[in-house]
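Per-chain residue numbering starts at 1, and chain names A, B, C, D, E and F are given in the order in which the chains are listed.
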Amino acid sequence: MSLEAVKVVVITEKLIAEKVCALIEACGATGYTVVAAGGKGSRSIRSANRARVVDEFSNVKIEVVTPDVAMANQIAESVIDEFLNDYSGITYFETVQIVRSQKFRR
Amino acid sequence: MPHPANHWRVTIDLLTEILGRFLIQFQSPALAFLLGGILIAACGSRLQIPDAVYKFCVFMLLMRIGLEGGIEIRHGEIVSMLVPAVAAVAVGCLIVYLGRMVLIRLPGVRPDDAIATVGLFGAVSASTLAAAMVLLEQQQARFEAWVPALYPFMDIPALVLAIVLANIQKSSASGVQRKKIRIMPIVLESLQGSALSALLLGILLGLLAHPESVFETFYDPLFQGFLSVLMLTMGLEAYSRLVELRAVAHWYALYAAIAPILHGLLGFAFGYIAHVLTGFSPAGVVLLAVMAGSSSDISGPPTLRAGIPSANPSAYIGASTSVGTPVAIVFGIPLYIALADWIFGSAA
Amino acid sequence: MPHPANHWRVTIDLLTEILGRFLIQFQSPALAFLLGGILIAACGSRLQIPDAVYKFCVFMLLMRIGLEGGIEIRHGEIVSMLVPAVAAVAVGCLIVYLGRMVLIRLPGVRPDDAIATVGLFGAVSASTLAAAMVLLEQQQARFEAWVPALYPFMDIPALVLAIVLANIQKSSASGVQRKKIRIMPIVLESLQGSALSALLLGILLGLLAHPESVFETFYDPLFQGFLSVLMLTMGLEAYSRLVELRAVAHWYALYAAIAPILHGLLGFAFGYIAHVLTGFSPAGVVLLAVMAGSSSDISGPPTLRAGIPSANPSAYIGASTSVGTPVAIVFGIPLYIALADWIFGSAA
Amino acid sequence: MPHPANHWRVTIDLLTEILGRFLIQFQSPALAFLLGGILIAACGSRLQIPDAVYKFCVFMLLMRIGLEGGIEIRHGEIVSMLVPAVAAVAVGCLIVYLGRMVLIRLPGVRPDDAIATVGLFGAVSASTLAAAMVLLEQQQARFEAWVPALYPFMDIPALVLAIVLANIQKSSASGVQRKKIRIMPIVLESLQGSALSALLLGILLGLLAHPESVFETFYDPLFQGFLSVLMLTMGLEAYSRLVELRAVAHWYALYAAIAPILHGLLGFAFGYIAHVLTGFSPAGVVLLAVMAGSSSDISGPPTLRAGIPSANPSAYIGASTSVGTPVAIVFGIPLYIALADWIFGSAA
Amino acid sequence: MSLEAVKVVVITEKLIAEKVCALIEACGATGYTVVAAGGKGSRSIRSANRARVVDEFSNVKIEVVTPDVAMANQIAESVIDEFLNDYSGITYFETVQIVRSQKFRR
Amino acid sequence: MSLEAVKVVVITEKLIAEKVCALIEACGATGYTVVAAGGKGSRSIRSANRARVVDEFSNVKIEVVTPDVAMANQIAESVIDEFLNDYSGITYFETVQIVRSQKFRR
């Protein structure tokens, strides 16, 4: 009943969330999930929970369940190429078992 | 204008005057809340103003400023806005152009970061403007209804020019034939930001609708209160951003400490010309100086982050939030009012 | 009532009257903020009212309406509420029953979606009601203190009936023996929603406690202001939901454009009967019409989503938020006031 | 003071008096909203006050109390605060010390939980204090400007003592040589909490700046309104925490029902001594009793959670939020006012 | 010290979050974690971060660490059967290594 | 291009979030991501989304991508030792494939 799939995770600046989501859709993903996040990386701390005068700089965590490794790779590479030189962020894969597999194919 | 002979007398008078104003201004609610925010953040306070409240404060202030402007413009004449609007554009562009020439030459300063910083300081802070308006209104100083509408005329050209300069810079650095930068999207993006669209909507509603009742029961009476909350938030933020500023070249801090006053005086000078040419009100001149001296805290940063992605936001936001804005409010506003008092008599 | 002979004259008078009211109403703050929200959303503005502020606005409005009702009911007689309450129940049920018969027949319209949509339009929007109350209060029109308390009498029967009809529909479609639907849980669920429980709590506190001081210093003076913020939010929302509406059959948009006015007139007729029978005030008749013409925006959608899970929320919420509510406020409210002026003299 | 002969008469008079006050107090907005919150939560209402709004209410109340105190202290003499401040420290410590002796002996009560609970009840609730201040102000009762500044003098010693006792307890239980507890970090931590730092900032701004205009247009007029929202939130919270309280020993509930009144009377007694010694105002005595009877709801819990991590928060927070605070407000405040009326004449 | 376990992830409408959590508990899970989420799937976009007039329609991401595959399967199947026909949502599994394994058994 | 790594997840009380993050950094992690969470475990329910009078008691989910199992173990063990006796919380590992691996080494 369940099927192996790859989940791509992108953690980056909230400011570019919409553009990253558009890119993800352009790569053929059937959906994505966005969560507000704070964090610290090689740049500076970003908090999710206080009145920053410049709120747009806090983070988002975007997760995409993809049907195959190829699409996962394409998403990660496009996001890195297009955004992660100028904007802070990381991306990684996880292996998941999807339960209603038809939902993740176009 | 005083006789040049006794200009020492005058200088001392001016200094005394400014000092006196400082002491009063330090006690004005807006300033006191700003300094209070810095103070308690420095003492490690965990007091926080929720993000939703901060955003609502910004909305309230800009809607109030816009509504009042719109309501009064109905009765006034808008043509006299032309010369001050041109002055505003000129000031915004000059700040960016001149600032870039200076800042880019300093050691340890990356060109992109320099240009983004001058862009932010050329742009306008709505909260600084609001603080000055409250102070002038309390002193019964009158200014033209359309003065707050000068805001985008200084703000947008400064941001656009900075983004254009950064692109020219990059393409000349990389030697690649630069691709043409489209300006309209940047202008639109600026106008669509939360601060400017609240201001413009307020003006529109003030002009076309009858929002007097809601203005008088809500936006106007709560103006000062929400401004105090906003100032407190900005104080808390100013302190917490200092850490970031420390991580970048010290030139940013220096620039952020000096530039607001110089920009303000430049704005004052252009305002004075408009006063001579078209009778621009003294309080209007003060507000033009305040806009010039302020650095954008709401809409500027995301616009620049999107327009000059290679620039390090810690440099420009740290400089503006931690140093630029406090200096512009604490030292700038009383300076321009004192200057106006001295030049125009008790008008401002 | 005018003589039937010169009914052309009267029609033209009425139209002129309504047109005149429109021009005024378009400038009323509530409406202006709603239209302003739609406008700037259409221009791509990034202005947002935080969710916490939106929720607080809703709480403020319903608490204010409830408190006022409760305080005044103390001095009034509640028995006269009976007939209008029956009228409210009848209107709510009729809208759902008749609407279902029409909508379900249209091509491309799924039965579930149709029933959920008519349920939402039969239910009541607190914000639309608040906007009408502000307008009437500004015109010094008096209505019975308990009129806002008619809200649940129309709202809950409409939602319950819709859910019951959807269940009958489903079981008759599937041919399975339908399981009995329990009505009380749905009624309770409705009463426990954030909007209705704030209203009911307000009435209770107004009746039993002495909230006059807090009413006069907080809930009443800030009413208009928070209403303006709410209307702006609804305008922003109306535009952003249009996308969803476009994805479903066009019949929903058509229904949403016409139904509010028809429902409002139905409500007006029932209110008129109550007026004749028990002397229900003209302004009360207007408010009954406004409730009938409005479609629920706060508590209705989640109740229907839970009660008719198979219905597509894009259809009914899109129709209500993007088209129904703006039509109900912009065209409905002035229409009923003009009608009341014409029928009852200057009473409303 | 009445003659001991007719002390029955007096007791009956007192009871009648208190009963009469109860009926009035039950209708006071603050109390009514608290009870209303409990009621609708018990009815399953889904009404929620957003977290951001709750936090802003707390900020508003403490800033308002602080500003008023600061503005008035300017004109008053602060030396007379000394004796009441000593009384406040003594009351805070006594409550913790005596409470621990009792609670720790009860069956099923873990020592850590007991100490954390008495610490919370020794500390002070800003919202309870605000509710009492509104009531006294409405009755034109005057108290010294510095009375709210007694808050930290009772709050911090109680929390510090509780944390110290818990550490002694733990080390004596484990037999290990206990490591010295540093008190200053706990004091600092308390002062840096959101509630106390807003209060202290308010006092500072009131003292040194000129916040009169913003006080009069914002913090003062909206005080009652935001208090009503806060009370509603606390009522909702009180009910929803009952579940947690049920999971721990019943002694907590019993303690939470009785202790507030005993603590309040202890505070009243110490206030009375200060009255005799230095002329501490009757309304001041009432407020000292209210502070003593209240249990901390904002800053106390996280301080104790960090300071006594082994204590179960469900025990102490449940006891305080669900039972202690409602009892302190509903029964405590009217009791102390009636007592003051009886002892000092109509002064309070 | 660590032990393999299965984490069930359910992303669905906030409106039914409480019911889904009750179902998860009924399946015997010792706990769950809920995070507010926005996203896009085969239905419409749900944003986590703005004033929607109908807030109840935004998403939640619910995560349950289960001690064995059987419970994981049972949770996923019950959620799908009971909710995911009418409400939008997805569910998938991830393999995790739990560190204090006794916490996840009843 | 991608490289196996271990993600440590810590779900615990918001009150101690800052201290846990400091500990994570002290263990040598190059970054971390924090998300607001509610949940239920062996103690009580913590909601992420309502006006609790004592907000500090809701949860956070902290995720750290670590370059090797050793660091992951160290983080999990230190967090458990230092915090999870007194504060409620759980911790577990997931295997991830990191894409820009140099970002996760110091």
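Everything below uses one rule, namely that a residue touches a chain if its C-beta (ideal position, glycine included) is under 8 Å from a C-beta of that chain, and two chains touch if they have at least 3 such contacts.
All of these numbers come straight from a predicted model, not from anything done at the bench.
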item: Touch-network distance, subunit A to subunit B, counted in steps; value: 1
item: More contacts between chains, C-E or B-C; value: B-C
item: For subunit B paired with subunit F, centre-to-centre distance based on mean C-alpha positions, whole Å; value: 41
item: Rounded Å distance, subunit B centre to subunit E centre (Cα mean); value: 47
item: For subunit B paired with subunit D, centre-to-centre distance based on mean C-alpha positions, whole Å; value: 43
item: Per-residue overlap in subunit F, given as positions that touch at least 2 other chains; value: 35-36, 49, 94-95
item: Shared-contact residues (touching 2 or more other chains) in subunit B; value: 48-53, 55, 222
item: Inter-chain touch pairs (all); value: A-B, A-E, A-F, B-C, B-D, C-D, C-E, D-F, E-F
item: Sites on subunit A touched by subunit B in the complex; value: 13, 15-16, 43-44, 49-57, 86-87
item: Residues of subunit F touching subunit E in the complex; value: 9, 11, 35-42, 48-49, 59, 61, 73, 76-77, 80, 84, 90-95
item: Residues of subunit C that touch subunit E when the two form their complex; value: 48-51, 53-55, 233-234, 236-237, 244, 247, 297-298, 301-302, 305-306, 309-310, 313-314, 317, 321
item: In the complex, subunit B residues that touch subunit C; value: 50-53, 55-56, 59, 188, 191-194, 197-198, 200-201, 204-205, 208-211, 213-214, 217-219, 222
item: Subunit B residues touching subunit D - in the complex, by the definition given at the top; value: 26-29, 31-33, 36, 39-40, 43-53, 138, 221-222, 224-229
